[in-house]
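Common to both upcoming complexes is chain A, partnered first by chain B, then by chain C.
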Partner chain A sequence: MTRKTLERCAPLALLALALALPLAVQSATYMHILIVLLFYAYLTTSWNLVGGFAGVLPLGHSAFLGIGAYTSTILSLQYGISPWLGMIVGGVLAMIVGVLIGLPTFKMRGAYFALATIAFAEGFRVMVENIDKIGPFALNGPRGLQIPPLGFGLGKMLFADKEPYYYIILVMLVVVLMLTAFISRSKLGYYLNAGGEEPEAAMALGINVARAKLIAMAMSSFLTALAGTFYAQLNLYIHPKSVISLDLSFEIAFIALIGGRGSIAGPVLGAMLLRPVSDFSRIYFGDTLPGLHLIIFGVILILVMTFQPRGLQEPLTRLYHWVIDRLSSDRRTA
Partner chain B sequence: MILKIEGMTMEFGGLRAIDNLSMEIAPGEIMGLIGPNGAGKSTAFNCIAGVYTPTSGRIFFQGENINGKKPWDLCKKGLGRTFQIVKPFASKTVLYNVTVGSFATCKRRSEAEDKALKVLKFLNLDDKKDLLAGNLTIADRKRLEVARALATEPQLLLLDEVMAGLRPSEVDEVVEMIRKIRESGVTILLIEHIMRAIMALSDRVVVIQFGKKIAEGTPDQVANDPNVIKAYLGDDYVVS
Partner chain C sequence: MLYILEDAINGILMGSIYGLAALGLTLIFGVLKVINFAHGSLLMVSMYVAYWTITLSGLHPYVALVIVVPIMFVFGYFLQDIVIKPIFKAEKNVREPITVIIVTTGVWYILDNLTLLIFGPQYRTLQDNPLRGKMLEIGEFMLSVPKLWGFGAAVLTTLAVYLFLQKTDTGRAIRATSLDREAASLMGINAYKIYNLAFGIGTATAGVAAVTLVPFNNVFPTVGVLFDIKCFIIVVLGGLGSIGGALLGGIIIGLIESIAPQFMAATWAEAIVYGLFLLVLFVKPAGLFGVKNDW
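Our next item is the complex of A and B:
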């Protein structure tokens, strides 16, 4: 095979593998671990649109996840609206909030932006924890919302088995990856990269940096909120500490930093490395050393930042190209 | 007149960096802007390019008042600039850097890349298109800075010390490059400390000191102006 066809086929082969995986995995626990892995890969890829390409470090994305989870759950519990529709409503709401946060904060640099987004997400969580009702919408404060497992089916996004959830999040991930790949090659991608790296030079080259970042933020918050609905439908129970927690925002950033910010494969690679660490340390040390996974994250982050500051995607991409090179018939002569 | 500045003043707090500066540039001209360190040359550039809004005075670009317009709007109107301290997108390739510039007038990537390649070829930088901008030598970085600005298709190009730090042979190359750019129909306003280059290139020169214009004319006139000699060398050197 030529190099080109191989490069085209490799992602398709991976996708086929991902599609076939549930056939091999029988245990519901492992299935759940895989679903959560894809869920985090999706979240981080969405985050990457702002946190990677636009070169800022938002640490409050759980707020958007919360907006998505609460919106669709309230709509389906109180009004019987399908979560699929609620998902879109939540996404639009999160997008509006994302733009409203971005307007004042994108003028800040570095740590100040990160701190502002943390402050917003925490403020939002405390608010939700202390509000029982907004008008007709019951939030139930710290008790959260429960989705009764009644009436399974695609329309209600509610399933007795794990497989449908797996395929839903897999499709979501593939779509957002394709979107990311498309954007990184488009004018917007160039503008985000340029504005993130050297804002003054970017402005002189005709780029309205703040506007490009706002567009990225709008997309990112919309996509993050969709995952919120998925989370609610998967776990059937949401409360402020689960969907709007800082831990979640930080974990997204961890995954991105370790996998490689601003690359397409980085978030997926990061999730593939870190999620198993997190899950298995919880399974084996959950009762004796809870929270151990965060320490392991920290150690991995230090190691990666020291030896591969641009994330694991860099050496792995090189390896990938090397393998493709070996396999292809029209090898480049070294 | 492609650029007309009327009584421009720029104050930072109590400091008056530009004091009632007026000047005009005709289309197709190369205008030199010189002055001792701290005279306000770069501040004047930043006012014209929209980074600062002048405290008072007016700036006209192709007859339109551009006071308070943002840098990205001015770029789209045909005003390009380079930075004295080069600002490449260091983690990207040379081609990527220039393509960012050509997106100012193109929508599609293939179109933008084609144009970027043309600009790179025009500036003899096409053999380095796949290098990371951060790995270039200072001479090539300065050249890249010009290439990016050119890719936005400017009518007026502001060049801020593109020859500083270069070897004499490299300076000669850049002088040739600037001539070539002018021949392609771009008007140029040039800040430079290397007098040899300024004298060789400029049709007219404006000299500023402490933010005020102290002389204007052809390179020869300016070089022999007692005020200019005083500004650069001090009172003792004026031959009276």
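Our next item is the complex of A and C:
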């Protein structure tokens, strides 16, 4: 096979593998771990649109997740509106909020931007915890909302088995990955890249850096909110500390940075690497060594930032190209 | 009215201790141009060091200063030298290296969870504490004695750091590095050594804050997180890098926390703090009292 066919076939093979995986996995626990892994890969890929391509460090993305989760849950619980529709409504709401946040914050330098996003998300959480009702919509303050597991079906995005959730989040991930690949090759991607590396130079070339960043923020917050609905339907219970948590915001950024921010495969690689560490250390050492997985996270983070600042995708991409090169019939090196 | 005045005074006292806790953060930012996300964890480590020093030696809590402060200085100095410096060297040309922020976050996770592993999640309070619940009556006011001492420590430490930066040669070298690393290097200042020093001093001031906190504040592995975000807010309010601003920013936060609950649910006071923070960021990002590079 030629290099081109191989490079085209590799992602398809990976996708086929992902599609077939539930057939091999029988245990519901492992199924859940896989779903959460894909969920984090999706969240991080959405984050990457701003945090990776636009060269800033947002640390409050869980606020958008919360907007998505609360919107669709309130609409379905109190008005019987399908979560699929609520998902879109939540996404649009989060997009509006994201743009409103982006307008003043994108002017700030690195550290200030990170702090502003943290303060926004934390302030938002405190507000949700303090509000029982906004007009006709009940938020239930710190108690949160519970989705009764009644009436399963695709329309209600509620399933007795884990498999449908797996396929939903897999499709979402594939779509957001394709979108990322498309953007990274589009004008917007180049604008973002240029604006992230050298904002002054980019502006001197006539690029509207602020607008490019705002578009990225709008897409990122929209996509993150969709995952919020998925989270609510999967866990059937949301409360402010679970969906709008600082830990979650940080974990998304960690996964992206370890995997390699600004690359397409980086966030997925990061999730594939870190989620199992977290899940298995919690399963095996949760009682005896609490917090072990966070220590491992911290150590990996420092090592990666010191020795491979562009993330683990870089050596892995090199390996991937090497393998493709070996397998292809028209090898570059004689 | 009298209650509000009493709350206000207690708010100022507590706020000055917040300011003391944030002093190191603003110093480190001023020199390294990096938000040290591990600052709360360094405060937490200092509190554990103070707690064990006092408990094991039986000294008066404030005497522990002579042990805690040097330990924390050395800790901060080598943390910067061993963990953070390599990343600075890798990203020489970036003015505000994001990767360094990330690495301090890694340090935060490691320190907090290592403490959890070693000492467990339980809350610890000083036994045989001569300062516990001690109150000073001035006319109609009841003031907490350990917080009064904390106020004094905050003012003195801020003054000491300010004078050190203004009057000593090392202080001038630190200020020069903060203004322009390249130019300072050309004058024969070893910038990385200055970074180590600034990090050490910043951590040592967290040590002072910890010693004043331990007599009336519980010690537990996540205590740093409570102060972490508060410290970020304080230093931005006061102006990142402004030494006096940290104290004033801390007092503002202390006042809001003590007075706002008189008028609304206490939990809303927290939301007000975040709102004020965002407002200052948007309107006057240099901070309420900070002028760019004012030291």
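The working rule: the second predicted complex is superposed on the first by the 333 of 334 C-alpha atoms of A that agree within 3 Å, B and C clash if a C-alpha of one lies under 4 Å from a C-alpha of the other, contacts with A are read in each partner's own complex, and residues count from 1 in each chain.
Operating definition for what follows: a residue touches a chain if its C-beta (ideal position, glycine included) is under 8 Å from a C-beta of that chain, and two chains touch if they have at least 3 such contacts.
Model, not experiment: these values are computed from the prediction.
> Fit or clash for chain B plus chain C once both are placed on chain A?
They fit: once the shared chain is superposed, the two partners occupy separate space.
> Of chain B and chain C, which one touches more residues of chain A?
In the superposed model, C touches more residues of chain A.
> In the superposed arrangement, does A:L289 touch chain B (first), chain C (second), both or neither?
Once the two structures are laid over each other on A, A:L289 reaches chain C alone.
> With both complexes superposed on chain A, which partner does A:L301 reach: first (chain B), second (chain C), both or neither?
It touches chain C, and chain B stays clear.
> Touching A:G80, do we find chain B (first), chain C (second), both, or neither?
In the superposition, A:G80 touches no partner, neither chain B nor chain C.
> Return first, second, both or neither, reflecting whether A:G135 touches chain B, chain C, both chains, or no partner chain.
neither
> Under the stated touch criterion, which partner chain does A:P148 make contact with: chain B (first), chain C (second), both, or neither?
A:P148 contacts neither chain B nor chain C.
> Please give the nearest C-alpha separation between chain B and chain C in the three-chain superposition, to the whole Å.
Across the overlay, chain B reaches chain C at a minimum of 11 Å between C-alpha atoms.
> In the superposed view, which residues of chain A touch chain B and also chain C?
Correct list for chain A: none, the interfaces share no residue.
> Which residues of chain B touch chain A in the complex?
Contact set of chain B toward chain A: 49, 51, 70-72, 75-76, 80-81, 83, 87-92, 96, 99-101, 103-104, 106-107, 109, 112, 148-149, 151-152.
> Taking the touch rule as given, give the residues of chain A at its contact with chain B in the complex, in rising order.
185-187, 190-191, 193-194, 197-198, 200-209
> Could you please specify the touching residues of chain A with respect to chain C in the complex?
57, 104-105, 108-112, 114-116, 118-120, 122-123, 126-127, 129-130, 250, 253-254, 257, 289-292, 294-295, 297-299, 301-302, 305-306, 309
> Where on chain C does chain A make contact in their complex?
Touching chain A from chain C are residues 29, 33-35, 83, 86-87, 90-91, 96, 98-99, 101-103, 105-110, 112-114, 116-117, 121, 229, 232-233, 236, 240, 265, 267-268, 270-271, 274-275, 277-278, 281-282, 285.
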